[in-house]
Amino acid sequence: MDWESFKRLRGSQKKAFFMRDGNIYHVIMAQQFDRGFLDEICNLATRIRQIAKSNEGTRFLLSLLQGRRAMLYFVQPSTRTFLSFMSACQILGMQCSEVRDTSTSSEVKGETPEDTVRTFSSYVDLIIMRYPEPGFAERIAFLLNNSGRPVPVINAGSGRDQHPTQALLDIYTLHRSFEDQGGIDGKKIALVGDLKRGRTVRSLAYLMKNYEGVKLYFVSPPELRMEDDLKEYLREHEVEFEESEDLAEVIPQVDAVYMTRIQDEYDLEGESKRIDYSRFHFKVEYLQLLKPNAIIMHPLPRRQELPTEIDQDRRAVYWRQVRNGMWVRVALIAKIFRVGGEIWHY
Amino acid sequence: MDWESFKRLRGSQKKAFFMRDGNIYHVIMAQQFDRGFLDEICNLATRIRQIAKSNEGTRFLLSLLQGRRAMLYFVQPSTRTFLSFMSACQILGMQCSEVRDTSTSSEVKGETPEDTVRTFSSYVDLIIMRYPEPGFAERIAFLLNNSGRPVPVINAGSGRDQHPTQALLDIYTLHRSFEDQGGIDGKKIALVGDLKRGRTVRSLAYLMKNYEGVKLYFVSPPELRMEDDLKEYLREHEVEFEESEDLAEVIPQVDAVYMTRIQDEYDLEGESKRIDYSRFHFKVEYLQLLKPNAIIMHPLPRRQELPTEIDQDRRAVYWRQVRNGMWVRVALIAKIFRVGGEIWHY
Amino acid sequence: MDWESFKRLRGSQKKAFFMRDGNIYHVIMAQQFDRGFLDEICNLATRIRQIAKSNEGTRFLLSLLQGRRAMLYFVQPSTRTFLSFMSACQILGMQCSEVRDTSTSSEVKGETPEDTVRTFSSYVDLIIMRYPEPGFAERIAFLLNNSGRPVPVINAGSGRDQHPTQALLDIYTLHRSFEDQGGIDGKKIALVGDLKRGRTVRSLAYLMKNYEGVKLYFVSPPELRMEDDLKEYLREHEVEFEESEDLAEVIPQVDAVYMTRIQDEYDLEGESKRIDYSRFHFKVEYLQLLKPNAIIMHPLPRRQELPTEIDQDRRAVYWRQVRNGMWVRVALIAKIFRVGGEIWHY
């Protein structure tokens, strides 16, 4: 199959192409993840976290991918995703190299981006890439599959398009927080803020179809409502949702509040300034409205929508969410390199 | 205690806060170091240097912090301090990640510097930071102590404020050089050059109160004399000193000559150009004036104040001083992670 | 001997100076490599490649230089050479640090480049450097040899002057490709394109004097012919060559076609635009003219002179050439640190 034909396939049809012998190989888009996979990755992440608590366990993890090399190719700045992946690789004993800046690359000599990445792939066993152009990671996965020496590719963010491991870490945070409350199934989750332009809330909403009886609350200013395509998708997959502009009224009803900042970097002409976003801030007094076992999430970075006073509350899990991102990436890389079994048998 | 109250404490009162169970945890300011600590670190550095001479010893050191991760967060450029710390971490088997440039950070998305560093701290076991703003490392140490998952912070330079490990390496160089001459106690040390604006000479002078019978000679142009606050401090702690403008006359009297370059990057209006700094250069013929067991130090980088011809002289220890910086940082990190005992028992 | 006297020596006279106890120490210029050395390095690279195929072998290689540290000092951008060297170091278990940008260095504080590199060398066991100024790596090797603590220096490219490991990887690719065809001796090799300004083709041509009965074909536009000094050198060493402008006519006669792009970054006034370079493109139909056992090489990056359709042909070895660069660098570093014997005995 050539690239043009492949590109036109639906996500679900592409899925097989990102597998190898029944195991995940390339991680390109959130649509690749089904319920079985999500449960497996979450459980593996938890197991890894436990193993890492002892020195002996830490050494065991380090030995798993000793001698394997990862390349972090980050053309767009993203220190937190970068560091999270780098730490994940290091936990498994991989050696890392990095390109964080295009100006150091030989693209100046007229090379195509495909040749550049193929060259990088020659030196390593895994490519983790962030690239502004939507679909680029997918094209590289396709190209490498057709080369003599493929290596797995993980998409660490491609413009506003996909950021599949961010979605994984949100799922893992929900999974872990509701471990003793029957899991994610049946939970009520409020997504708050700039739902129109936030990539993370969109991905998370998509993945909710994998869980039974979840209800979503979209709480946003009218100008920043969740897009129709996604609502259509949820209806099709029978995920219940409702829209609201009243955060204080929604909070007491839900098990999780997912806060987001206004994404004014996507403003066309400063329209964010005309929106009263303060109505979608989590005020300190809202803590009293929140159920005792509910959680507060945020993908970070945050601004005023989530005051630092809230950090001390037991239900604020966003700092743990950051760590979860690292653990779930460890689990994902372990899965790609098929060492999950060794981890379970440890 | 809140940050505002903490900030107003004196250095000696803050000291306890940077400890944990009687062991050093955060390294923020030179005032934390007392004589017992300085001796312990110097002896540990020497032991580590000896162990590192054999392949077996090298492997032993590598095993000590295997699986621990350090983050080098250097917002201000400083290649030599950066590399010295990185090598120190590597010697102990730590894996490193680095942020050397603010433009790659998500501060662009409106995040506070505190949130940025707390995010970084989520991925690692140690933060080594250089930051232009005085007191910032201290604020981070305070913040992390109050978080659910503290990690130790080492201040690798905060503006003109503090650079505690630079002071440590100077002390270690003196300690090592005078090992067979009764140690630092009772030694005469000339500090030469831009004493007004040189952070290293100031820190070194402060630490001299920990030693008995030391005499300091401040040799500088009148415009660049040591500041009054420091002289006041020395008087208070009964450290003898005298001031001079005649380098050739001071050299025969001292056991150590600590040279420094003119810090013209701090000029307000090019005043350095009006100073005849050549009188404070170490001329090749001065080697004949210097005692046979005395030493010549320099924090580097140097300019004309220390000609390269002097490098060949046995008493020139400034290249060894560079290596000492690495070894003393290894000792410091070993101490923070409480593996000093294992090193002594090796 | 002082630097000025040393500098004036011929390459062959300098050779001894780059050795230590009969073993290569500094790698500065292609003239250092004789036939014995080239054969040894190529065979060692092949052995290493085989060992690296198993997990156990990978671990053995990792153990060889465990606890040694390499510094990659790349003042000029060159991502591919950088990554190739970094991976080579990692394969042998070395820890790496890097300076890829002069702005982070303390040269801003008026330090000489010699002091800067000597400082870097204090922290590590190997310096790999790319520097725009011809002869700089040589000067550093000279300086370090005369210091109290020398470390080996590898020249990773010094302007248009020397790039000895690029020549090694080309030799290794020829060696490996002709392993079952009697080796490089007696082979016919076409060098195609910008022969006037391409550093790689010049170095490769120089090294051909080490092989018996090789014939070179220089295929280029008249404006970009191989320089006279090199042709003189080949005549002196009795390496046969002929010049041509007809690529299609040369292809059927040769065992290797070494393609190169036009080096228009060296244009003085846009003269490249006046050259019809398309006559020196490898057209897809040329594949039918090429001998079944011949190979197509390219140092990459490429432009239109080598269409991607050719990548699928069994005789296209340029992607393998990229990997060969990594393996031959592993062999070179192993040789410098005298672990070649251990590798052979594995």
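The first chain written gets the first letter, and so on, giving A, B and C; residue counts start at 1 in each chain.
In the analysis below, a contact is a pair of C-beta atoms (placed from the backbone, for glycine too) under 8 Å apart; a residue touches a chain by one contact, two chains touch by 3 or more.
Quick caveat: nothing in here was measured; it's all calculated off a predicted structure.
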* Interface sides of chain B and chain C: same vs different residues, half threshold -> different
* Report, in degrees rounded to the nearest 5, the angle of the rotation taking chain A onto chain B when the C-alpha atoms are fitted. => 120
* **Whole-Å gap between the CA centroids of chain B and chain C** => 41
* Structure fact -> Within chain B, the set of residues that touch 2 or more other chains is none
* In the complex formed with chain C, which residues of chain B make contact? -> 55, 58-59, 61-62, 77-80, 82-84, 86-87, 90-91, 100, 261, 265, 300-303, 308, 311, 319, 322-323, 326
* Structure fact -> chain B residues touching chain A in their complex are 66-67, 69, 71, 95, 97, 99, 103-106, 108-111, 115-116, 118-120, 122-124, 147-149
